[in-house]
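Below are the structure tokens for one structure; questions will follow.
Labels for the chains are A, B, C and D, by order of writing; each one numbers its residues from 1.
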Amino acid sequence: MASDTSSDALVSSSDPKHPANHICSLCKQFYTFGWVTGTGGGVSIRNGKHIFIAPSGVEKELMQPENIFVMDFDTKEYLRRPLALKPSACTPLFLASYTLRGAGCCIHTHSQWAVLVTLICDAGLQGSNKDVFSIKEIEQIKGISRGGTGSTEIAEGGRKLGNLGYFDTLHIPIIENTAHEEDLKDTLEEAIRKWPECAAVLVKRHGVYVWGKDVTQAKTQAESLDWLFQLAVEMHKLGFKWT
Amino acid sequence: MASDTSSDALVSSSDPKHPANHICSLCKQFYTFGWVTGTGGGVSIRNGKHIFIAPSGVEKELMQPENIFVMDFDTKEYLRRPLALKPSACTPLFLASYTLRGAGCCIHTHSQWAVLVTLICDAGLQGSNKDVFSIKEIEQIKGISRGGTGSTEIAEGGRKLGNLGYFDTLHIPIIENTAHEEDLKDTLEEAIRKWPECAAVLVKRHGVYVWGKDVTQAKTQAESLDWLFQLAVEMHKLGFKWT
Amino acid sequence: MASDTSSDALVSSSDPKHPANHICSLCKQFYTFGWVTGTGGGVSIRNGKHIFIAPSGVEKELMQPENIFVMDFDTKEYLRRPLALKPSACTPLFLASYTLRGAGCCIHTHSQWAVLVTLICDAGLQGSNKDVFSIKEIEQIKGISRGGTGSTEIAEGGRKLGNLGYFDTLHIPIIENTAHEEDLKDTLEEAIRKWPECAAVLVKRHGVYVWGKDVTQAKTQAESLDWLFQLAVEMHKLGFKWT
Amino acid sequence: MASDTSSDALVSSSDPKHPANHICSLCKQFYTFGWVTGTGGGVSIRNGKHIFIAPSGVEKELMQPENIFVMDFDTKEYLRRPLALKPSACTPLFLASYTLRGAGCCIHTHSQWAVLVTLICDAGLQGSNKDVFSIKEIEQIKGISRGGTGSTEIAEGGRKLGNLGYFDTLHIPIIENTAHEEDLKDTLEEAIRKWPECAAVLVKRHGVYVWGKDVTQAKTQAESLDWLFQLAVEMHKLGFKWT
């Protein structure tokens, strides 16, 4: 369904926490972190049956609520599709977090630390397992939730109650990048299923997808993970092992 | 005592220097420093018999005065305990600085530089003493007060008059991290007693606790120490010794 | 033509996207990126037959619309020349992007990452070709347009439709610096002709010139390139190859 | 002369460029650069016979115009001395730039890049001359003025017309640090006399003093130098020579 006057109501609100406004303020903030440089990265929020998604190829820090796409979660049809803008190629990846984990928000960053971590893992410089980033005994991993398994997979953001402990090992799977972002869908879903506790998936030479049951959990996990990726790169430079 | 209308007065003030307001503005600032990323870290201010403490697990940069816990210094009972929020696991550590040093403010950061310094010390790469960070002949150490000893231990923030000199050596003890933050209490208190002049305690792979007689001293010492931790990491990368 | 009252109209507008206002807001932003430190760097926007150019030697973050020079694209005469200010030495370089590529905006930064990349290339540390920076298989290169060739050279910003793909190799030519910035004109034009798809030219030990069909493309490409330069330096430090 | 009501007029103005206001806004900005962390660093402006100086030991980013000291240039007596504040220990150093170079503004930073550069020089890692930082063939050195010599020593900021060229070598002398900042006076004056073209003096393991004929020149030179110090450290890490 194309954008028209009636669909404007989906993104018009004076509440700063309305998803259309919230995505814009988050993108402004993430721009200062270097997460959405040069139109890269993206953010999506699920509100009941409505999926709100930042468009592709726009300056994320300048985005306005009227630029936001809205999709119906059940039919996967666009309820609002701003003319002249392209839907985000990340859409199938955001949907994977909603479908497989019951997430309420998904953040995709082009953080340099994420990219560097995938390079270090891929070269086998921190361990033999090249397709997963692992780190332990760093207090900040307590900022990451335990994820969900088995039957609880899609309840409450698909994650077990509570967060990782200091002596737990954090694992974030790494998938290969593809020519087209939407083609990451299958391997991303496979990684989510293979690592039922993961809170994020790294994409080699590309960035990271992080989700949470709501905006707060997605954002704070994205922050904690980025902090850990940066620390991991610095640890590697100084000759320290991650696990 | 649970939060109720009467306890709201404890955190309601139009004065930006009121502890409940001050903690919020400090946390906003510290967020930009990477000290309280992803709900990490914390701040506490003592105002006479009232201890004001930021809650656990909230986005520190978005915190509001009504989120602040207030504890009675004598009874250690909560005078105000916001429903739906958890008290900070740092509380026993903050109290240690008030009790053993007569501090008026205590800041806990998850600075990456602090964590990296503990890793370098632990590996014995800058000296044989693994449980203390030491540095000397850097002008910035003049930003750190001399600390207090013996009978003056709890007077005026528990610190001797005046700051360290350029030719003094700054020592910050390092304690092991524990699974639960509150379990740091005993070793932190032991470190404070063992190093009567220290202005802070580093926690391995975790961060740092810094205090001062008032907010200004705690904040400026936290800044100077973080500056020194960062410099120390860079010095180490370049092959320079800290002492 | 010297500045007079009649020429003030060329830079007076309440529209934040008017070129005179836009250059000022871009420079304020670029100052925070370290791109125009200490009066370095510059920005120019072409609006039809009018070329707007930031002056030389002023604090870019404090610049006001009345400080902007305006040149006629056809005659290369100044329509507005603020008294007491010097025209930018970058002017012939900006004009090259307008003439040879039909660009609508050109950004010159003194980014440290750009300078370091030219040093690494010049030393032959990442490949035998010292006069071009090349990188591939990094998602962020998809933020750079394909450039234009042959007969389409000056149409639509002089660039082919669409952006580079993940498996394409990004090439940015590097030219030698000269004593006087305006003397870069010939080699910069030569580089633009030799690399018909390039979106930018690096200047050794100096910085980078980036253009685009409009402000948005120039700015987002400048951001993506700077992101890539920084990543490239970090990759080099960690021992990774760019191609 | 102690602070009293009559001296308040010296620092009261609604003009943001009044020295008392300007010092405060500069310090707020420099705080974000890490130049005045933890009360470190300082700024002074000379306005005719009045020297305006930031006080010692205060949070520079929170400073107010009423905190500023004012000294008479001829008599070196304080015209305004805020009670409860200490005059800056940098005062004799600021005065040296005014007396020997006719400067109009002097900035003292505790930049980490400045400190690291002095460590690299002192270890003789970039050349045999340990008491001067030298760099050449970097475009940004064109942001530094040529300095003054002989009979023009105190005219127009004590500096020759024009700035350094790309093929010139920038030299910044380095002096030993002392236990008390005011004791730097003799060696700083000696360095200024020995290097008649220098725009700044580095202090080993401490920071840098940068001056200019006015605030704009002092600030832009401080920025360009800090940019160069940072680049120099990165060049050193990557194995490049500065000259």
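Rule of thumb we're sticking to: a contact is a pair of C-beta atoms (placed from the backbone, for glycine too) under 8 Å apart; a residue touches a chain by one contact, two chains touch by 3 or more.
Note that the structure is predicted; figures quoted are calculated from it, not measured.
Asker: By label order, what chains touch chain B and chain D together?
Answerer: Per touch definition, common to chain B and chain D: zero chains.
Asker: If more than half of the interface residue numbers appear on both sides, call it same; otherwise different. Which is it for chain C and chain D?
Answerer: Different, since under half the interface numbering is common to both chains.
Asker: By mean C-alpha coordinates, which chain is most distant from chain D?
Answerer: Most remote chain from chain D, centroid-wise, comes out as A.
Asker: I'd like the Å distance between the centres of chain A and chain D, where a centre is the mean of that chain's Cα atoms.
Answerer: 45
Asker: For chain A and chain C, let me know how many angstrom lie between their CA-based centres, rounded off.
Answerer: One centre to the other, that is 32 Å.
Asker: Out of chain B, which residues touch more than one other chain, so two or more?
Answerer: Within chain B, residues 237 contact more than one other chain.
Asker: Just spell out which pairs of chains touch, all of them.
Answerer: Chains touch in the following pairs: A-B, A-C, B-D, C-D.
Asker: What residues on chain D touch chain C, complex-wise?
Answerer: 137-140, 143, 165-167, 216, 219-221, 223-224, 226-227, 230-231, 234-235, 237-238, 240
Asker: Flag every residue of chain D that touches chain B in the complex, lowest number first.
Answerer: Where chain D meets chain B, its residues are 34, 37-40, 59, 110, 112, 115-116, 119-120, 123, 177-179, 203, 205-207, 233, 236-237.
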